[in-house]
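Following: one structure in structure tokens, then a few remarks.
All chains are identified by letter, namely A, B, C and D, in their written order; residue positions are counted from 1 within each chain.
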Amino acid sequence: MSQYRVLIDANDEKGLVHKVSTIFYDYDLNILSNSEFVDKQSNKFFMRSVVDGNVDRDELINALIKVLPADASVKVITPKKKNIILMVTKEIHALGDILIRHEAGELEANIVAVISNYDNLESFVSKFNIPYVTISHEGLQRQEHENKVIEAINRFDAIDFIVLAKYMRILTPRFVETFENRIINIHHSFLPAFIGANPYKQAYDRGVKIIGATAHFVNNDLDEGPIIAQETIHVTHAYSWKDMQRAGKDVEKVVLSRALKLALEDRIFTYANRTVIF
Amino acid sequence: MSQYRVLIDANDEKGLVHKVSTIFYDYDLNILSNSEFVDKQSNKFFMRSVVDGNVDRDELINALIKVLPADASVKVITPKKKNIILMVTKEIHALGDILIRHEAGELEANIVAVISNYDNLESFVSKFNIPYVTISHEGLQRQEHENKVIEAINRFDAIDFIVLAKYMRILTPRFVETFENRIINIHHSFLPAFIGANPYKQAYDRGVKIIGATAHFVNNDLDEGPIIAQETIHVTHAYSWKDMQRAGKDVEKVVLSRALKLALEDRIFTYANRTVIF
Amino acid sequence: MSQYRVLIDANDEKGLVHKVSTIFYDYDLNILSNSEFVDKQSNKFFMRSVVDGNVDRDELINALIKVLPADASVKVITPKKKNIILMVTKEIHALGDILIRHEAGELEANIVAVISNYDNLESFVSKFNIPYVTISHEGLQRQEHENKVIEAINRFDAIDFIVLAKYMRILTPRFVETFENRIINIHHSFLPAFIGANPYKQAYDRGVKIIGATAHFVNNDLDEGPIIAQETIHVTHAYSWKDMQRAGKDVEKVVLSRALKLALEDRIFTYANRTVIF
Amino acid sequence: MSQYRVLIDANDEKGLVHKVSTIFYDYDLNILSNSEFVDKQSNKFFMRSVVDGNVDRDELINALIKVLPADASVKVITPKKKNIILMVTKEIHALGDILIRHEAGELEANIVAVISNYDNLESFVSKFNIPYVTISHEGLQRQEHENKVIEAINRFDAIDFIVLAKYMRILTPRFVETFENRIINIHHSFLPAFIGANPYKQAYDRGVKIIGATAHFVNNDLDEGPIIAQETIHVTHAYSWKDMQRAGKDVEKVVLSRALKLALEDRIFTYANRTVIF
């Protein structure tokens, strides 16, 4: 008995559910859960099914491809721990939340390494027996530094996701292309408000009554890319921007961990700078 | 071209989605949206599809019944305004919210009448050209009063839902059975906390930091039955129970209107004192 | 026995609370509630006290002015219904919510009139026996139209607040100056995200997972000015921008009514494009 | 220059703020923040001020006692790290959240020890260089076991708070009295709903749409005592009770950490099974 996550996206047309469910039926598969969505505006169809039964993965893929339109994307995934790398700068909260969840067995992930441009979190991370790689940016040009980071990442096998757990450096398009749709970032604001430097200071200056955080895939720069999860909390006039920053950390870690979990469970489709989340 | 909402629940078995989607495919129907859920614990399958195409309603029902197990419940509903009766006592907020939404065209409903045991909201309701029926309970025994209410309701044709928009009298089992799964109540607390009289007073006495409201179908008495929607808000030590009551009204009206909308759009299944909501 | 709301703001210095509370003590006043806040960054002190006792209003003001620094602003307000004008375009939800609250006696306000550039809400507003003034903008230049609106407002005595309950026209600086810090607007987005036209369309295009609304005083244009209240709700990929707009209405009305209530109860201080809210 | 937190509660009477602020003024103290609350129902007055200046702590206390009524409680606290003991059973999430915050320097606390009736979190806690004391309850009567726990606690000096971070054993009245108003518990439900064993199972069975968590002081048993903080999250029909339990952990840790922070900053007054929180 094998369990598979079947992910399909295609241009919408009549009969897609019928075709897929007929394959499941023919192979005598159990449907454990099933979600579909059609975006009428862009005429796109999305489907995620979790099935179990006695069928070879390749056979299932081939059967699905045969009945589905040529443009359809078909993925059949065997649930297993994904390899992730965490990148941080100096702050512990988002990193710590992921490490605790990992320790608790909540995440379908192997944390392969933590990479930072500073060494100040090394002793903390070492407690968890996770390799910590410091790649200082001091005295290096942006591209030079980033090349070293890419090299470090590539030294590890088959990285599924790179999680920017408050990594405070801007990434170049080259980096982003190298790991397309595999970089998850937490932005410390309710995007698209307060793009850019020190969003809490900006939020304070605007006198907002709510602050937030946004987890998203990175496609161009740190503030763009398909949004995965967002959350907000109320603040009052009594919050200085430092208070907002402190309170914001609690939202940041919640949102990043939520997004990571969705990614690890193969629940996210991306298209047109958007996500579909099942 | 007709649009239908297809609602199916059945004991779960392999192939249900396949069977239903095959019928849709055979009749050349467009699937506008599709939701499924299997409750593994009770082995129950639920499905709600919105389809359009050229098929007679009876024909579609028969085709579905033919392929589905004998125990399956199949409903094929043509979207149209449902007839509802609102019951109130003296408070305007929940009633008013529904009337404004009705006025704005937000609700798939005809408000056939408002029934109350007091006449104090009559002039308000009359502004909206909706019949207002006062059935005073003064000097009547509970059953006598309720019989008059049932009579009044039955004078109107084909009532789909009775909405207790802060109707503060206890209903007898007879009333509830007469309109089974068609009575929607708003309870002014986060059920099951603070069942019974004056929940805000109870909440104040317990020193809670959050209050809430619960919309549910009524099956036995005012505080039981499958929950449709709940919402909460924060309160502080500075709230007297009157303040809680005032703040609670905002939650009550939001929750009741949300539940009513779900009911009008045929999005609710009930089983085992629970709801499945698509 | 009179009740007063005492509102003081001043540059912060030692002894302000002492001086004010000594006056209250000397006049044998009861302090019903008391709130203070010091913004360290700008060195500003804010205080709102509700007191009752036997003292003449002018005498109390003079006593306070005498002990407080010359730059202090001192207001002693006798709680009473404030005169407000609502301005709308075509949508009923925010207007309706205020009218129902007014009907329920929740607002310390007389709704003196509703002014619109369309007549389509006239019959609705008339039900509440509130004057409805249609001032069409058709064929008029912006300034001409606005002059007519200002004239209409000035025909009513002593307007405390103008509430833009989804008034969809841009106001000129002249209008804003005429009613400075007395215009409350609801903006249909979580400001400062999605400033400008059709924020829900913008939000949809950005693929956000949360939408919101912002109530604020208007000082320059429709999207600026001190924020009074904000609220957000979650949306999913399944929301079209029309769905977001529909869901957003519920947030808009909640936020606007909350802001109006705060204003009517004299709970808002403004400074430096910010609000302090007690 | 010293900073003090001044906490006063007393039966309410005219002039209390005046008397306290006069003392602050006489000693030339700076008021950094100031909060007051009068519970009219019970006629109780609460005040928390943060002041700095050049005054001896004892002198300030004596000055305040002299002007305040005899029944008043006066505390003058020098901000410093408090000593806390964490008690756990087997779950890591609430404990982990506190340890990470401690590591980040967010908490005004020394974590003196972690005490558990199991040893399975020992290796985790040891990473943080915090003593871990296993006191197994196997083969012991409740009172015997608890005596050993009390002994273990008393071996450490001057414990300010005992934090039950998912300590799943019932405490006897003797334990509770020993550490009165110093035990903070997280209850894995929105109290007072679902008191007792396995609240998530209870919540599932009732078909709720919201679950929550409650942090409170323990005064009698695990489910009673003044509530400090509560939080809720939405769940759907698709949540099994195990899913609720998993989702609930995120709420539990947030609420417990929030409550602990309030306690460490001396922001909580308790009376009549309620809290006032500044």
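Following the convention adopted for this analysis, a contact is a pair of C-beta atoms (placed from the backbone, for glycine too) under 8 Å apart; a residue touches a chain by one contact, two chains touch by 3 or more.
If you're wondering where the values come from, they're calculated on a predicted model, not measured in any experiment.
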A-C or B-C, whichever has more C-beta pairs in contact: A-C
Subunit A and subunit C: spacing of chain centres that average the CA atoms, whole Å: 40
CA centroid of subunit B to CA centroid of subunit C, Å: 35
Junction residues of subunit A - those touching two or more other chains: none
Chain-level touch network, classified as line, ring, star, complete or other: complete
Interface residues, subunit D side, partner subunit B - complex: 37, 39-41, 190-194, 206-210, 212, 226-232, 236-238, 240, 272-277
Of subunit B, residues touching subunit A in the complex: 14-15, 17-18, 21-22, 24-25, 28-34, 36, 38
In the complex, subunit B residues that touch subunit C: 91-93, 96-97, 100-101, 103-104, 106, 124, 127-128, 246, 250, 254
